[in-house]
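Note sheet for the following structure.
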Amino acid sequence: MARLSYREAGRLAIAEAMRADPTVWCLGEDLGRGGVFGQYAGLEAEFGPDRICSTPISESAIMGAAVGAAMAGTRPIVEMRFADFALCAVDELVNQAAKARYMFGGQSKVPLTVREPMGMWRSSAAQHSQSLEAWYTHIPGLVVIAPATPEDNYALLKAAIRNDDPVVFMEHKNLWDMEGDVADDATAEIGKARIACAGGDCTIVSWSAQVHVAMQAAAELADDGIDAEVIDLRSLWPWDEAAVAASVAKTGRLIVTHEAVGVGGFGGEVVATIAERHFASLRRPPLRLAAPRIPISYAPELENQVRVTARQIVAAVRRLN
Amino acid sequence: MLRIRAFETAAIRAADEKLVLGAIHPSVGQEAVAAGVCAPLRRDDLLLSTHRGHGHTLAKGADAAAMMRELFGRDGGNCGGKGGSMHIADFSVGMLGANGVVGANINIAAGAAHGVKLRGGDQVVVCIFGDGAMNRGPFLEGLNWAASFKLPVLFVCEDNGWAATTSTRAVTGGPGPAARAEALGIATAAVDGNDVLAVEEAAQALVESLRSGGGPRLLHARTYRLLGHTSVDKAAYRPAGQAEARWADDPIRRATDLLLGAGVAQNVLDADAAAATAEMTAAFEDAKAAPWPPVSAAYDDVQDIGAVAAPAGL
Amino acid sequence: MARLSYREAGRLAIAEAMRADPTVWCLGEDLGRGGVFGQYAGLEAEFGPDRICSTPISESAIMGAAVGAAMAGTRPIVEMRFADFALCAVDELVNQAAKARYMFGGQSKVPLTVREPMGMWRSSAAQHSQSLEAWYTHIPGLVVIAPATPEDNYALLKAAIRNDDPVVFMEHKNLWDMEGDVADDATAEIGKARIACAGGDCTIVSWSAQVHVAMQAAAELADDGIDAEVIDLRSLWPWDEAAVAASVAKTGRLIVTHEAVGVGGFGGEVVATIAERHFASLRRPPLRLAAPRIPISYAPELENQVRVTARQIVAAVRRLN
Amino acid sequence: MLRIRAFETAAIRAADEKLVLGAIHPSVGQEAVAAGVCAPLRRDDLLLSTHRGHGHTLAKGADAAAMMRELFGRDGGNCGGKGGSMHIADFSVGMLGANGVVGANINIAAGAAHGVKLRGGDQVVVCIFGDGAMNRGPFLEGLNWAASFKLPVLFVCEDNGWAATTSTRAVTGGPGPAARAEALGIATAAVDGNDVLAVEEAAQALVESLRSGGGPRLLHARTYRLLGHTSVDKAAYRPAGQAEARWADDPIRRATDLLLGAGVAQNVLDADAAAATAEMTAAFEDAKAAPWPPVSAAYDDVQDIGAVAAPAGL
């Protein structure tokens, strides 16, 4: 057991994976200097510049080369720096990495871990703040993970690197400094949710940094005597429908909250799935609390308009309960 | 070359008869590039190809019958009928795939070479792409990547003058692919892509320099697409007489003349051609008779974690 | 009134828009030869190669140049050839076109019509068949249109070209040859659904080519005495929540069917919205009928696995009714 | 140049005091590129810039007070506080935006020039990007586009040797941006980017040739980033002494020496510097005192059709 930041936990996962398997390597811009958020600090010293590969500013080539290198028997960890820049490499991820195994009839797998730091981080504005996890859930062939805690960042990143198919691994930029206990050799199964806080009165589903907002809301609600159950999905594809369904069967109430834009966001998938398959469990209308469909501003109060606050969650739960 | 020509002749017939299902892009007239470039390659060398990839795939050693089955969408196709012509691949002979996205194979090839280098292998990677692909970003990013990391990859620009219905020259600034590669730090060679011996010789030298760690190279092979962009394209947009004139330069005809000149008997050549035709006719008949893939295969090989189940009863 | 194919209707819309406004122009590969589906046939002859601009194979530049040209006072119509190739130009569309007006505080609009032929078309396989309309609905700044009929292709394409913001205009490849009556100067309001067939027993929501499958199902159901109401959304952002809500208020039953993958698809948005805001109208669980989360195969029977058939819709409606 | 230096000095102070909210990328040491390139431009000429765009924007004629307000995220900023430093723009002086995505401005610039040409205008478009951007696909696609359509765009590679913490040379194949541009059919010029007169002279000639329909050009301006990548980056990764040595080549110092040599009195120069500092200090104070933008502005300028309403009560 160690107390680690979310950043350090990810770095430890990579270091351990690289020690155990010489075919694991990392590629991305400025990795030799530790990466833009320090999440690779010290790794070049241990593993050398061939395996901690500092690349040109060539997102298409970073992703595309990783696809080829995966086909050639290595396990690349791709650093996209900001999830927003991964939009320069969508063909490579969606048309190539995600489809190669299938199109070629299973002749090759493409073991790829694509790290995409996402989310709002004070005043980074419209091109450095997006949360586009929903996009990747829509693409057959991809696994999508969005951890909320240091331990999950450690355990799920290790699981992602071990996985034989492309994984979009979305760390939240606002969590890098968050500290938490990380059990030695902690493991996590991709597709299993974590009950962040148990409760029988209302189910709140979330993932990534928004889990912590939901937890704040749950704490406030507890003061009122309302026991919210907060479910941290941890991975969005596959996602743990069973855990959510079981909770809603108990509470009769479902709120999904996420940082991404609500329209076309993954909250719609969760709500629609529960409404379709567990309709009878819903004693109240389900609810999404997510960002309005506007770009993200630079000025703080404008930026805050796309944030869902604990207060809003509390108010919504009170309305349902 | 004869086998490639015979394969595509059979495939075009099959497309006309609606036995081939999706679009196919014949490489008739370009066979010398495929044959010459692949001649010096080992089986474990790697190859990345394009939408116009039948010839490259055959030349790398893939089984013609399995390829024909793939074009017919049948069981036993290289990709189990899931890919078709534009995604033909045979990893067992190092052929890592055609690609439906122009230029996408360039970065993948650079990465395959990166993987080879990291693993300490001595394979080379060959990446063939068209003249149209040199106007896509991956040309710059992939070649710069290969140059920066000194990777063992041979880029081959198979320059047939056309990008679908557009003359590539009309939308291409500067002198062409070789100048672009040189500006990215990659040494180049140019060759008459319809002269199979010249292509082979050039490729041989480049592959050797790659194998000895010389870093990436580009080969500019000038050729001509004798047919349309796809098998249904009549290519009426070409200047009158252009294609007709270029048939005189048909690489197979040139190779035949060469061999005849070198004293090979006509009947030996005829026998080769007949054997190729017979092989591909048999592949055609085999594919036509082959069963469809099991429908449940649609659910296979999506992904290990997070795969959806096939519906009950499939 | 004229009888036109879906292809011709689109071409007419463009021709009329170009005649009326000299700043409208088209750019994309092979446009001078009519475009890959003949949807630009004859336009170069009328408008010349400057305004029917045949470009290099440079999707990033096609989209990016259109953004600049829009800022410089023209109204570009961008041809992406296959929606799948638009994945080579996502930064340009999502980070640039969609956000420029906002990021720059309203200093510039970006009037762009991006034509993205989408959908399955016999054995085009995984890289030439995708329907990714849901992605674009998730991006603030974009309008998303997916017409199902010749008349709508005409009227909505004209509306798209007139619109001052970027529009992703998704024509379905399987509809090019479909014929229909097109009223002279037909107009359509972006955001208003079309009741393709009225009925009181079940609401079936769809768009693009799948509308015709829904109509087949409705015809079969009518033989059984079940009156399905088929709503063709026509545009996905904005989409006509009011029309769907009004229908569900009447029928109590909601089925959304689309060709795209179900997970993360726009059907989830429709179902979630109705479940959230019109919960009391739902007398049965809502239902999505969409593609399983698998890539699209080449072999016909495998490809068919991602098709939702009229038969499946009929069976689903019967189960609900 | 003095105004740019003073602006950024004030902006860095504001960033240290957390008055500037997001990251800023100072161009200290690179001012001669901005000043020299923009000198021959008309107000209605167009400019596309990068994340390191304060200098370019000022040189194109934007109001410093409005820019400072933008960096502070305040009402009255050029973008109403919605963009910040990385999206600074002033369309009223033809400055069509900084960009948070490296290289994305290249295609946009080519398109702006395409638009100008279609409309029959005689403006030129200038696109400034860094040396790191030459490794992204848009460099190839945008330059090839401009060459193919003979567009009036001047590409300026502001080569400061660094791409964030990476020495650009280490990841760049070939001789550099000029060779790449030449290979794409674009004539180039190179200039000492710290010599403002040389930059201006070169830009003047290139802009004239553009204006008379000569097609695109590239100017390679060598300079040096005297500070870190962002205002909080200490740039400890640079070889010891490198930055210190380059301060001797500070373009402002060089211009000052030149003017002194030409007989301009020191007190005139001091007065200029003092005026610049005073202007930017005033801009700082003005921005600090400025109101925040109305919160409802978050919902404005998303799109005409399909805009979501601001919540009631905003």
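Going by the order they are written in, the chains are A, B, C and D; count residues from 1 in each one.
Here is the rule we use: a contact is a pair of C-beta atoms (placed from the backbone, for glycine too) under 8 Å apart; a residue touches a chain by one contact, two chains touch by 3 or more.
Just so it is clear, the model here is predicted, and its values are computed rather than measured.
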item	value
Chain located farthest away, centre of subunit C as origin (C-alpha)	D
Computed distance of Cα centres, subunit C from subunit A, in Å	30
Where subunit B and subunit C are represented by their mean Cα positions, the distance between them in whole Å	35
Whole-Å separation of chain centres (CA-atom averages), subunit B against subunit D	44
Junction residues of subunit B - those touching two or more other chains	79, 81-83, 87, 99-101, 135-138, 141, 144, 148, 170-172, 302
Multi-partner residues of subunit A (each touching 2 or more other chains)	55-56, 58, 60, 84-85, 88, 91, 95, 102-103, 125-127, 140-141, 237, 293-295, 297
Chain-level touch network, classified as line, ring, star, complete or other	complete
Touch list for subunit C against partner subunit A, complex	84-85, 87-88, 90-91, 94-95, 98-99, 102-103, 125-127, 132, 134-135, 137-141, 237, 260-261, 263-269, 271-273, 275-277, 279-280, 282, 284-288, 293-295, 297
List of subunit C residues in touch with subunit B within their complex	29-30, 32-33, 36, 54-60, 84-85, 88, 122-128, 292-295, 297-303, 305-306
Touching residues on subunit D, where the partner in the complex is subunit B	135-141, 143-144, 146-148, 170-175, 179-180, 182-186
Complex contact set, residues of subunit D against subunit A	21-23, 73-74, 79, 81-84, 86-87, 99-103, 132-133, 135-137, 163-166, 170-172, 237, 292-293, 295, 297-299, 302, 308
Residues of subunit D defined as touching subunit C within the complex	46, 48, 77-83, 87, 89-92, 96-97, 99-101, 104, 106-116, 118-119, 125, 137-138, 141-142, 144-145, 148-149, 300-306
